[in-house]
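Look at the two complexes coming up: subunit A is in both, with subunit B in one and subunit C in the other.
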Partner chain A sequence: MQAQSEPLNAAGLRRDGLIERLSLFGLASPAMLLILVILVVPVGWLFYVSFMGADGSFSLENYERMIDRKSYRRIFGTTFQVSFLTTGLCIMIGYPLAYFMSQLPDRLANIALITVLLPFWTSLLVRTYAWLVLLQKQGLVNNWAISLGLWEEPIKMVHNMTGTLIGMVHIMLPFLILPVYGSMRAINRDLMKAASNLGAHPRRAFWDVFFPLTMPGLSAGALMVFILCLGFFVTPAVLGGGKVIMVSMKIVSNIELFVNWGAASALGVVLLVMTMIILWIASRFLKLENIAGGGH
Partner chain B sequence: MNWLKRPATETQVTHGQRLWLYILAGVVMILLVLPTLIVIPMSFSDSQYLEFPPETWSTRWYGHYFGSPEWMRATVTSLKVAVLTMLVATPVGVLAAYGLHASNVAFVRAAFVLMLTPMMVPLVLVAIGAFYAYVQLQLLYTVTGLVLAHTVLALPLVVIVTGSALKSYDMSQENAARSLGAPRWKAFLTVTLPQIKFGVITAGLLSFLTSFDEVVVAMFISGGDNPTLTRNMFNALRDQIDPTIASISTIMILVTTFMMVLAQTLGQDRKPK
Partner chain C sequence: MNQPNTDALPITVRNVTKTYGPVYALDDVSIDVESGEFLTLLGPSGSGKTTLLMVLAGFTRPDCGSLKFGDTEVIRTPPHLRDLGMTFQSYALFPHMTVEGNVGYPLKLRKRPKAEIAERVARALDTVQLGGFGERRIDQLSGGQRQRVAVARAIVFEPRILLMDEPLSALDKKLRDQMQIELRHLHEQLGMTTVYVTHDQREALTMSDRIAVVNHGRIMQLATPRDLYERPANRFVADFIGESTFLDVTRSGDTLAWNGVPLKLGHHAVPDAPKLQLMIRPERIVLRDGPSEGFNTFDATATDVVYQGDSYLLHARLNDGSQIALRGAMRGTAALPEEGQAVTLGLAPEDTVVIDASAE
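Presenting the complex of A and B:
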């Protein structure tokens, strides 16, 4: 009797288990449905439109334009230039700050952390506006610099590349500092003692022991910053003053001014593919959740 | 200055040798916070050209803001959309995070990646995609449309924050409740939810801020009777430096700080670890 009913029971249990797991999975369906309808399907449609010519038939003209026209090549050049420079500056400024914070006692470190979290939470538009006010010709920075005798005439620091970079670095810094700081706090201090015990100079101990251990945090942060920069719109649009044109701004003007969905979609597809390639390469070294969660 | 000659810790160079680090860190911390905060006193300046420190103080730019029906309408829209986004994104995201956590079917990982797409797809692309879709669905310039789009943007944050709260929670507690006869939903509500509530509260506040601060998507799909505050601010910024924006910025900073304090007090797990 028993031998006969047991496989039946096991199969039944397995089936029940599967049904239960599937219905649990079903709890995620409202969220997935929303993302599909509002995001995935429309982006898929943009992909389709990007392969349509002006007359509505299949054509590669939207992509050919990007290769042929000098203005488009310059836009991609600017986008990469801004992204690389912002990421580089964030590493150079953010890494030492994270290092400094990681060595403070807990209470002081938490206070220092607020200086990173406060801008992180503050609206990006407000921060961009603040820099616009500070950096303009009659702005605070020019006024102070002149009264201190640093320079004679007001310098143009906004509506150009300088302003864009200042604003971008300010906005991106927390995205770099937080994961780097996290990985530094997790390092076992005894490792540094061991290195010193074996005769390493503090500098050598830093570069051979400490620095490699912060690489996961640093690469996650730098990657996050770079990807966010590639598609950034608000800050370059306000602080660049029309002189720094990035891909995202060209997409917007293609829709708003020229109502050219084909051209805008093709640019969007290229932007998306670049982002995906970078993420794909990175996901072979890092866990995707860590990159996404890196900023929080 | 004896302190400068002492090593920073027993294995490090002396304080004097890394004085540059202290100076750099100090300057960067000031630069991180000050530019935003300086807008607050500037907004109380009487002059057309925002000055610091203001020569004469006044609240005329606040009067300007509160007296303008357009700014008021935009503020109401933004607050309404942000609250609704929080109320939609939090339960939908928590359900999704719980479902993905508890069910271990083969495609959970793929579903998780799908949940994160709103974070990975460039915002401009989300914006023009939603713009196109809303023209078809007749959701353009509606509060419903804005709430749905902002919910999509907030979902990855809710799923990540709730997911990490669930990871540090022991699911066998819920199983114990169920083996004692509680149905699954009741076990979740009475046993699991109270233990992940800090994560859920943080997720809710984050979705509010995501919506309240969002510019690019709102630029395309808000307008008409329902422009958001950020959309109007952005358009005003492109034209000229309007001092009214300084007063609005100050109010936005206050809202954000309030949310941050709320998250710190409500969202922090005070249990000893």
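Presenting the complex of A and C:
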């Protein structure tokens, strides 16, 4: 008898749906406002300042300088070199460690995980200076190595690339291990049994089955380490001893020494754009949500 | 692959023991699986059936014992050299490979030429009725299809022994019933020696040539489905397979009696044991009009009558107070007994099975 009019309760249900969506938007709006204030506005400001010349008018001189001067190119080169090497070393150390942890029984694996996470709860600065103490000429490592007869003269391990890399790897390692470990734990153990049952030697089973299944975690971890390295400041500043100059350090000196906010901002913008390009390239090959999700 | 496998291998297990601390997962197990046979390991969870399968596959290293495929001792052979087909409860399909990649993997490992791999993969997929699914990704398949891929991968390299670890437990009932028949046909078609693990007694009865009932790491009985159901060797097997009522039986000389009434027995042997029990299956005992010649009869009072569509289930109390269950077929006009009504139950001599109840 209602053939011509509205179906039963349709208008009311539609209104309920609209109200629900509006209230969800209302609940999300404080967070969105916060992101706007602390992220979008400052980055926009950075962008704006980077196009301001020394005299305060619009100018491209901050960017031209980066192309013209050799020292800038060297700084970007060093930044990428340190980032690449740190990422590579993290993979070489972190992957086997994550594998070892993933094979432990649950209780031991949890303890191992806590020891991996432990450095996170110590100040970055403290950890960096600790390396300085350990690695310096009269430091613990040199003294022990000499008394054990490993080498005769103290080796220079800080205030250079070596020290920077040691410190960087130490700090970045958990960022690699966690997603890799996550993806390893998610692998059904029957898969390795199946590979073996089908005739694969353990080494073959590892490369055919295990390794490909850890690729999402590994690439997510490596990407995160690499991107974090690009903008890293404290460790290379302390352990590099002025010999390893990365972009972040140039930004600081531009502000502190030369009070040139424009030049510093331009470096920041370039770093940001490079990071975004890397993320964009990476996103074409892997799912970026893996970075947050730890392998899944 | 479509003609029976003439060179299926027998499996000989001798004195295999596996302990985990004080627990015996396998306690001196010996078993012979005949060439081409479909043998099921049946038992409750934790009984050791899966451990035994894992020993066969080489994934569990026993403490001692011998394992032969044919005449070859393989107890110390690593799993990848055992050349067995196996399906896993979780299917264990490689998620990063296509269906074709999965099924072709064992052939790739055996370094077969590409054309041969493609042909044999296609044939194996046809065998499990998945022709044309080669390009699919694993996550695009349903549970039943994954099961079939797992089977195809296990048979594609024509192993002479096939192990299956609860392959159907993740499927819904209807699909499971269908797959049971299909796996049975597949076995008839391929003829490889098959060891199948399940905790589902009906599945075991449906599929197997013989069933080994496993409990506490020991083989409780190894027999054909029919013998297992009708002549269980002990109380555990009688309890585990099917439903039954057990009544204590006394022996005096050659006669056995329940509650003072001598029992008429069939032709099968009565076990020689200190404690005997009469095993009564609900579908073997019948309602009688009164004391009948040629039957063992029991007077009882109906306590509960349940209509179940194709049949009815009657619970009754015997004179001595013990409960007994009876299942009868439903026919159009049959009148069901009412609760509290006195009934006479009859058991034919050939259904009067006495079992050894002294040991679990």
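Here, the second predicted complex is superposed on the first by the 270 of 296 C-alpha atoms of A that agree within 3 Å, B and C clash if a C-alpha of one lies under 4 Å from a C-alpha of the other, contacts with A are read in each partner's own complex, and residues count from 1 in each chain.
We take it that a residue touches a chain if its C-beta (ideal position, glycine included) is under 8 Å from a C-beta of that chain, and two chains touch if they have at least 3 such contacts.
Fair warning: this is a prediction, and the values are worked out from it, not measured in the lab.
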**Message:** Taking the superposition on A as described, I'd like to know which of subunit B and subunit C A:Arg204 touches: first, second, both or neither.
**Reply:** second
**Prompt:** A:Leu213 contacts which: subunit B (first), subunit C (second), both, neither?
**Reply:** second
**Request:** Scan A:Ser57 for contacts with subunit B and subunit C and give back first, second, both or neither.
**Result:** neither
**Message:** I want to verify the contact counts: of subunit B and subunit C, which reaches more residues of subunit A?
**Reply:** B
**Request:** Scan A:Ser147 for contacts with subunit B and subunit C and give back first, second, both or neither.
**Result:** neither
**Message:** Just checking: does A:Lys193 make contact with subunit B only, subunit C only, both, or neither of them? Give me first, second, both or neither.
**Reply:** both
**Prompt:** Can you list the residues of subunit A that meet both subunit B and subunit C?
**Reply:** 193, 195-196, 202, 205
**Message:** Under the definition above, what is the set of subunit C residues touching subunit A in their complex?
**Reply:** 57-59, 78-86, 88-90, 92-96, 105-106, 109-110, 153, 157
**Complete:** In the complex, subunit A touches subunit C at residues 188, 190-191, 193-202, 204-205, 208-209, 212-213
**Prompt:** Which residues of subunit B touch subunit A in their complex?
**Reply:** 7-13, 21-22, 24-25, 28-29, 31-33, 35-36, 38-39, 42, 49-50, 52, 92-93, 95-96, 98-100, 102-105, 107-108, 111-126, 128-133, 148-149, 151-152, 155-157, 159-161, 164, 206, 209, 212-213, 215-216, 219-220, 230, 233-234, 237-238, 241, 245-246, 249, 252-253, 256-257, 259-260
**Complete:** subunit A contacts subunit B in the complex at 18, 20-22, 24-28, 30-32, 34-43, 45-46, 93-94, 96-97, 99-101, 103, 112, 115-119, 121-134, 136, 138, 140, 170, 173-174, 192-193, 195-196, 202-203, 205, 227, 230-231, 233-234, 237-238, 248, 251-252, 255, 261, 264-265, 268, 271-272, 275-276, 279, 288-289, 292-293, 296
